[in-house]
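So that you can tell them apart, the chains are marked A, B, C and D in the order they are listed, and the count of residues begins at 1 in each.
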Amino acid sequence: MTGSQGNAVLEVSDLTVRYGAAVALRGIDLVIGEQEAVAVLGPNGAGKTTLLRTISGLLKPAAGQIELDSHSMVGRPAYRIARAGFVHAPEGRSMIAPLTVTENLQLGAGRRARSDVAAGIDEMIELFPSLRARMGTKAGLLSGGEQQMVAIARALMAQPKVLAIDEPSMGLAPVVVDAVLEALRKVIDSGTSLLLAEQNARLALAVADRAYVLVHGEVVKSGNSDEFGDELIESYLT
Amino acid sequence: MFEWIPAYQRFLLDVTLIDIILVISLLILFQCGLFSMATAGFAAIGGYTSALLVTDADWPVPLGILAAVFVGATLAVSFGLPVLRLRGIYLALGSLALAQVIVIGIANVGFTNGVFGISGIPTEVTTGWLVAIVAVILLVMELIHRSHFGRAMKAIRLDEHTAAGLGINVFAYRMATFGIGGAMAAMAGALEAHRTAVISPDQYDFGLLVVLLTYMFVGGVEHWLGPVLATIGFRILNENLEFAGTDWENFYYGSILVVVMLLAPDGLTSRRFTQRLARIFRRRPDLAT
Amino acid sequence: MTVPTELLQCEGVGRRFGSVTAVDDVTLGVRSGEVLGLIGPNGAGKTTLVNLMSAYLSPTSGEIKFAGESIAGCKPHELARRGIARTYQNVCLFEQSTVLDNVLTGRHLGFQGGLWQLGRKRHREEARERQLAVELIELLGLAEHMNEDVSAMSYGLRRRVEIARALAIEPQLLLLDEPTAGMTRTESDEVGRLIGELRAGGMTVLLIDHNVRLVSETCDRVAVLDWGRVIAIDEPAEVWADERVREAYLGTGESG
Amino acid sequence: MQQTINGLASGSIYALLGLGVTLIWGVLHVLTFTHAQVLTWGAFGSLIAINRGYPVPVAILVGMAVAAGLSVLIDSTVLEMLRRRGASEYAFVVATIGLAFMLESILRNRTRARVEPYSRDGFPRGPIELLGQNVPKLQLAVLATSLIAMAGLAIWLNHTRAGRGMKAVAYSPETATLLGINPRFIYAVAYTVSGMLAALAGVFVAVSTASVSYSSGDRLLLTAFAVIILGGMGSVPGAVVGGLILGVIEVYATVHVSSKFSEVVAYLVILVVLLVRPSGLFGAKEATRV
């Protein structure tokens, strides 16, 4: 584990989430440092999505602390957590289908000034050149890969401190996944921290600095990406 | 048979029983996933059919009521063919337009005596009739509920596409219930006509539908018992609000609707609400000990 | 060697949505008694093809035949009656109902009696169908969940309920749309074994799944769909070796 | 010509009503049975201001404020509680019916069920010559004001941040939340706008009939529903076109068939439109799963 507690952007401690009587997450500790990419790995149903939804305020934790830049996020409504800098691109890419790509990106920009928004959109086109020709298209008509790019770009428009993405590779052809991963690397380089929930461990480890393995709602293993050998991945994640 | 009941209470009972038929006609459609607002229209059709046949053509009352049932079912099926293409809220509002056409039509043509309505209708319908009819209807509802027909209707209500994938003929079920619903509403209309001796178009207005809808949703749509209890409950309530002699009658009525929906959004007999109640009552003894 | 008979045939089937062609000139046969895998990247048209095969959609071109007869103009419920059952990619159960209720609803076609059939006869029929439903529930390993509300169950269990319900109509052809999505490895292995048992019992199965290992182990043949077209159809080993398949679907082999 | 203007004037009132209902349906998927009451309360709000001697524009604004405040109050209390409980759309129907009963009862008591005169002083009066016809100025004013309000609404929805936010919340409240949009704020905005439009319609109805009573809005709720089925649920241009068409049809049916049948004709047109286009003139086809 990196001991970068001092400049942690996001710090989750002892987080427990319940659905009725069932415990979905139990005592999760997780830290993300500045410019750090962290992956949360685990089989389907292990609690990855629940973790992201809890941090972003869609679910209320039963116990535990969530601090973004040393401010507690627990109990804040989701839109305030997004404005505070934790932006969550949910599973399934969630386009606002009737709006165009440009309008989706403008939505993501929140309260940024108008000229600033235009500049931001230009940056996004630079990051995802294949979107240039699609800016006026209704987002619902894009292909899966394009939608994933718009989802990431839209989240970045808010200039988040932490960008959380749920299953970015889901259902995408490997060629498209490569493009998405490439973009994510650029995102990290530009100074945004990344929280990646992925079932596909090898893909996630190709981007992430560190990883946590979640099984049945508990962290069973965490460490630097290079500590995760093939055997380890086999034993937890297939 | 029911002569021992004081006249006013018997009147209330009759009104309640007819309301129950109307509510069930709405409920059977809803159990098939159809939110139809045409009930008042079919009730008007039934009332006028029987009233006209009995007063103008001297048909015996039972025959007039049977004719009303037949006309109601026929019209429902023939309207059903086009109207059932609509879905969800469009069906609700489209069927409302249908009911409005029927009722306003009746108010504006000659042979129905327009807005003045028909008076002097023979009143042979007794409480005994109504009790028997409602008993039969509820028995059939229970039989449906316990059979695979009921299961199929529930499946259609919950997810019509998946139901079709399991071999359930969604269209046939819906046509059948639309026809049955129309027939029942028409019968209720006819019974009402032969109970009060006087009918006019304005008694089938939007207000009637609103009242029936609230009975159904407050009671809950999973089982016929909920709407029936709600109908009875609201009738008792209405009586007491009236006796309170207050101008605020509608205010209390409205606030009861709001409160019930807040406490039991799926109705008072919904599983969600009864389970909650059960939890509360189970907790009580614990507190005592 | 005799030519195997094809239970379901797609001949030049195409389906457009506006200007988008989701399925393009697909010719494909599901042979009697086989397990045919259907794979391809998301958006390749797999689910559209299943929707065409189960008459939820009608093709804009081409023809689909089931047991030698065209299904053109067929409604989904008629096709179910003729012997095609399916599950859904996003699991379509009747919510707020028990497992038993869901599976019993699948037995709808088994009931003969009318509303007026009373007493013992009715009771016997209900008991017989209930017994069949219970057997299916046990087959899928759901016995302990029989009277649980499906809305509260995990994704993997819900998928199994859906399979039990599809089997309840006693189909000749079973269309499984991503049956193991959201399942753990052990759970999906169980589904694989179940498909094997069904095949041994003479059932024909079309299996859509992203789990390459499961597809390899359970399928007799695999068809690969890309951009709405079949780019390969053969035995699994041959298909994995195909260069175009590697390019369009498998990629560098990372996604295994 | 005169008839067409008559029709368009009453049609524009219908359109204002339909816009309010369609906006709420589009954003919240709630069919508001309180809408007619909101209209009536708005009209009474303006009446009180007029009776206290305020100029007409101020009185209209007062009416709009009353209606908007009432709408937001309903949304942030009862409807918000229902949303938290995950209630079905039918629970919203019953609850808004209940609220409508309560609101009507309050007004009825406060006015002792009397019909109040509504002064036309300060509103445009007398005819104006237009294309060789004498057209009442009031009708032109109603038509013009309504069209301006509708155009404003269309521009606001399609070209501003708030409009985009509204569309995002309408499409998926959860996604909108994750993008930093507060859905409750958007709901309040939608109810404010809807209430203001209803009040505007209420003032026009009151001026046209020179009176207002607790039951002024009753018939208009059905009309509002008719407008939105005709135009297509949730569609802004649909509500405008639907309202204008309905107004014109009613006037023509009154003149050329009979006044008795004007309502039937309107509903028949709705039925025919629905049978040809099952989701109204401008409605999006209801998304079918599978």
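Just so we're on the same page, a residue touches a chain if its C-beta (ideal position, glycine included) is under 8 Å from a C-beta of that chain, and two chains touch if they have at least 3 such contacts.
Predicted, not measured: the structure shown is a model, and the values here were computed from it.
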item: Selected pair, greater C-beta contact count between B-D and B-C; value: B-D
item: Distance-maximising chain from subunit C - centres being C-alpha averages; value: D
item: Separation of subunit C from subunit D, taking each centre as the mean of its C-alpha atoms, in whole Å; value: 49
item: For subunit B paired with subunit C, centre-to-centre distance based on mean C-alpha positions, whole Å; value: 41
item: CA centroid of subunit B to CA centroid of subunit D, Å; value: 30
item: Distance between chain centroids, defined by C-alpha means - subunit A, subunit B (Å); value: 52
item: Set of subunit B residues in contact with two or more other chains; value: 161
item: Subunit C: positions in contact with at least two other chains; value: 56, 88, 92
item: Subunit A residues touching subunit D - in the complex, by the definition given at the top; value: 56-58, 77-80, 82-83, 87-90, 94, 96-99, 103, 106-108, 110, 154-155, 158
item: Footprint of subunit A on subunit C - complex, ascending; value: 20, 41-43, 152, 154-156, 181-185, 210, 248-252, 254-255
item: Residues of subunit B touching subunit D in the complex; value: 35, 82-83, 85-90, 93-94, 96-98, 100-101, 104-105, 107-108, 161, 206, 210, 213-214, 217-218, 247-251, 253-258, 260-262, 265-266
item: Touching residues on subunit D, where the partner in the complex is subunit B; value: 25, 31, 33, 78, 81-82, 85-91, 93-95, 97-106, 108-109, 221-222, 225-226, 228-229, 233, 258, 260-261, 263-264, 267-268, 270-271, 274-275, 278-280, 283, 286, 288-290
item: Contacting residues of subunit D [partner subunit A, same complex]; value: 161, 164-165, 167-168, 171-172, 174-183
